[in-house]
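Below you'll find a set of structures to go through.
Shared between the two complexes below is chain A, which has chain B as its partner in the first and chain C in the second.
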Partner chain A sequence: MISNSRLSNITAPVQHPTTALQIDQLKLSIQGQPILHEISLSLPTSGITALIGPSGAGKSSLLHCINLLQQAWQGEITLHQKSIRQWPGGDEKLRRHIGLVAQKPTVFPTTIYRNVVFGIDGFWQRRNAHAIAEQALRQAALWGEVKDRLHAPAASLSLGQQQRLCLARALAIKPKLLLLDEPTASLDPKSKQLIEQALSQLASHIPLLLVSHNLEQAQRLGEQVIFMCEGKVIEQADCDTFFNHPQRVESKEFLRWAVCECD
Partner chain B sequence: MKWTIHPAKLLLTLVALPALLIPALALGYIVYQGGAVISWQFISTSAELSGFGASSGVFSQLAGSLLLAVGACIVATPVALGTALFYQLSNNSRLCHHLELLIYLLQAVPPIVYGLFGLILFVQIFSLGVSLIAGMLVLAMVLLPMLTLNNITSLQRIAIEQTDAARALGLTESALVLRVWLRQSRRELITGQLLAIARALSETAPILFTATVFSGVVWPDSLLSPVTTLQTHIFYLAQEGNHPQSIDVAWGSALVLVITIVLFSLLARALKPSGGNL
Partner chain C sequence: MLRLFIHSSAWLSFSGLLLLSGFLLYASWPIFSEQGLYFIAESEWYPYEDLFGMLPALFGSLLSVGVALLIALPLGVAAALFNIEIVPSCLQPWLRLLMELMAGIPSVVYGLMGLWLLVPFLEQQLDLLTGRTLLAAALLLSVMVLPTIMVLSEDALRKVADDQRQRANALGLSWWAVVQRILLPQAWPGIRLATLLSLGRAMGETVAVMLVIGSIDRLPEPLYNLLQPAQSLTSRIGREMGEASVGSPHWSALMSSGLLLMLMSVAVVLLSQRRWFK
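== the complex of A and B ==
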């Protein structure tokens, strides 16, 4: 366990010339219990940012703050220089710009096709729903497996396929930012690989914030890493620097512990 | 095969036996007594207006009971569903706590008290008179707590992940309600309606002095007309019937009523989603 005193000095966020998401001094308390402490970080306009840290660090809570599923926070979050609190059209419009894929695949009890187009809104998008669905399924590396059974129940898919369906559903709303909460945690190696390939391709278009407990995955996919512990951002750095030359004692401890755990 | 009797199992069986045996005996007696009376003619014809209890036929009573029960359910459903949705949307708020307490309090009110309240409010103050609509409104009040709790339970069975997934896609509250909550809980909601109809069919006290009359009615002309029902028909035949055949007709009516209630309960059970409780 990392002591509170050692977490007091928080690394300043890395400034990117082009920032998609900027979080400043974010604080979150639930029922009087502090969850997030003055979080400040930024995400570039593309690429995968891995959000790592031990269980209970507040990683999932942070994702829920970013898409306003959790609203009881203080501070400032901006997406493409616009405050998400004052997003034109309200919370629902904001969420149409921020895709979220949860750890547990959650498909709606309907067909594969209807799942993909579930979040599609607006006249023109609905008119092109089929094309959008196909594109999203291709991006999620699922099109080849489901193109002949789009009207089959989504529940008939394997767990790995269901997770890729959730990814396709999140992509169908054309998000400007994609949040991924341990999307491969409960999947077999093959599904994990397919999802990682899909994420790598997506990262060239949109920024991805990937919560992962798998440090190898974070190292493999991430261009930059944010290390969180006990509700605080300890270090934000590019991937090579973080894994090879971590600046913070807490980061070194975490990496050492994780390596020992793997051994 | 060797039979072994566990003392604990034997004790539990002995405790549970009366709970099964007593209703089974009562039901068996109703079937025995009523079975001798009912026929297709008994169900499909209405008794003559003159000579109360002298002629058999319970069609108008059966129709009256169903009209009241279904009507009450139609009146209560939007209110119950609206309350349940409000409860679900304002999850865990203090208001929810008070609302839940109020629903349980309303459920504890005896049906005869609702009948008395309905007599004063609908029959006298609103001048609806003893009528079908007054009966429907009073029965709706009786059903409301049960139906609301059933709807809340149905909505709460939807996994929180489904709600979060829908919200994360940018669905508005109304879209969430229509496309996720109501869609996924529709079978349970319908089951709740059928059980509410079955419950309404078994209520006598609330309609005794708000909707039904002793005799002289075969079919209500409008919502403002009084109605005759199976429940009150049995009550009047047993209490007031002075014809020797009256008590037989009462047994026959009781069997028709029981069969109707059982049919609604079985239909509810057949529609019940797997894993749900009735």
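== the complex of A and C ==
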């Protein structure tokens, strides 16, 4: 176990062919206020990585750095061994490869269908927009509820449905990396289960970074866990290792009492 | 008490509209009863021979206002976008203040500037007999309504939630795509209001137009020729009302121009109603 964690410590900064996303020494301050301190982590080319930590730990901020919605950071982020700052074609091209389901579901004030196809770009994709939209809605476990009212306003959906619509919208651009900020926060157990199944399927060919406040969900879905607190990565480990034999005191405390005090 | 106040104010303003049209109709009745409605579509305006063709002035009003909005609307919305997106945030309030000040300048001042600067400029640059043309009126009107359009569009654009823009950005939309597909559609009600208000101001503008339009009652040849002196309904009222004796056919014909102006503004408001667009 110890050798395993030492190994991962040693290999973390090295570019690994099985690494999809690599973050080195990421620092972020907003208005002089440090938000993220020296974050280093890596995501394999497939599978779900659960990102957990108390509220205000900087999880959403980290996701925004990864798709350059937040630009004011220092350090290095590479996606498939290419630095995202120098992404060919610029930020917009990069974001087409990264799906983001934000914490607060926000639908565009147009129809359900148009919401799903909003980000679809490119000639062939546009021609097949309908098929892509259907597939994305099915994956987001929403197709059954909306297939007869695709041209109704998206705002008429319930909050949980809107959240799934946001997921479908992110899936429709066929991302190579999916960032999910509590995608099941306002869902009932049934649709939560459907979404989790869909996410597990997706994770077989692309990496997912899933922020979750639900430790059971993190344990159920994650292959890897990253534990963050106060802008620092405290521990990155296999799911089993983390939940059964956490290495750090802070992790143990968090698992036991859901509190975190680190300095 | 408040209820009563609100109700009576509402009825007062509503009946004001009715009263106004009633009086205008009453005042212009003699000309309608004498000449029918045909004179509206005729193009000879010689008050002393009882010829009251409205068409040139009507056409001049519509064309100058149309051209003015065609210029001012894209420019105003672009200026609003520019101020929000490109100007550094420390300068934004100043640009805005400038525009608000410009929106408040009395129109006669614009008219004087137009007469002093714009008319000679057009005369020289385009080698015209006179710079007092439909084009001068249209340009002046566009300058006058530009600040209003910009200020109101800016308000509307700023109201679009940041969340929406962020989600669109996250989907990989370019800046221009976000403008086109998020900002402009959502700011549309505000931009529409800006258009309406400036349409009203431009259509009713009298003094400034009177100073630069040339005041010749003749249809341009060809019709789209902006480089000839022309006439507008307002400018003719402003110019001739003083010399028309009350109750004369001339007076009545000018009153009917007023009625026509009012009908036009009502038509604009009705046409711009949301429900027609669905």
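Here, the second predicted complex is superposed on the first by the 241 of 263 C-alpha atoms of A that agree within 3 Å, B and C clash if a C-alpha of one lies under 4 Å from a C-alpha of the other, contacts with A are read in each partner's own complex, and residues count from 1 in each chain.
One rule holds in what follows: contacts are C-beta pairs under 8 Å (C-beta built on N, C-alpha and C of every residue); 3 or more make two chains touch, one makes a residue touch a chain.
Just so it is clear, the structure is predicted and the values come from calculations on it, not from any experiment.
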Room on chain A for both chain B and chain C (clash or fit): clash
Touched partner set for A:255, first chain B, second chain C, both or neither: neither
Chain B versus chain C as contact partner of A:206, first or second or both or neither: neither
Which superposed partner A:185 touches (first chain B, second chain C, both, neither): neither
Touched partner set for A:121, first chain B, second chain C, both or neither: both
Chain B versus chain C as contact partner of A:173, first or second or both or neither: both
Touching partner for A:93 - first (chain B), second (chain C), both, neither: both
Doubly contacted residues of chain A, that is, touched by chain B and again by chain C: 67, 69, 92-96, 98, 100, 102, 104, 106, 108-109, 118-119, 121, 166, 169-170, 173
Chain B-touching residues of chain A, taken from the complex the two chains share: 67, 69, 92-96, 98-100, 102, 104, 106, 108-109, 118-119, 121, 166, 169-170, 173
Touching residues on chain B, where the partner in the complex is chain A: 159, 161-162, 164-172, 179-180, 184
Of all residues in chain C, those that touch chain A in their complex: 161, 163-164, 166-174, 181-182, 185-186
Partner chain C, residues of chain A touching it in the complex: 67, 69, 92-96, 98, 100, 102, 104, 106, 108-110, 118-119, 121, 166, 169-170, 173
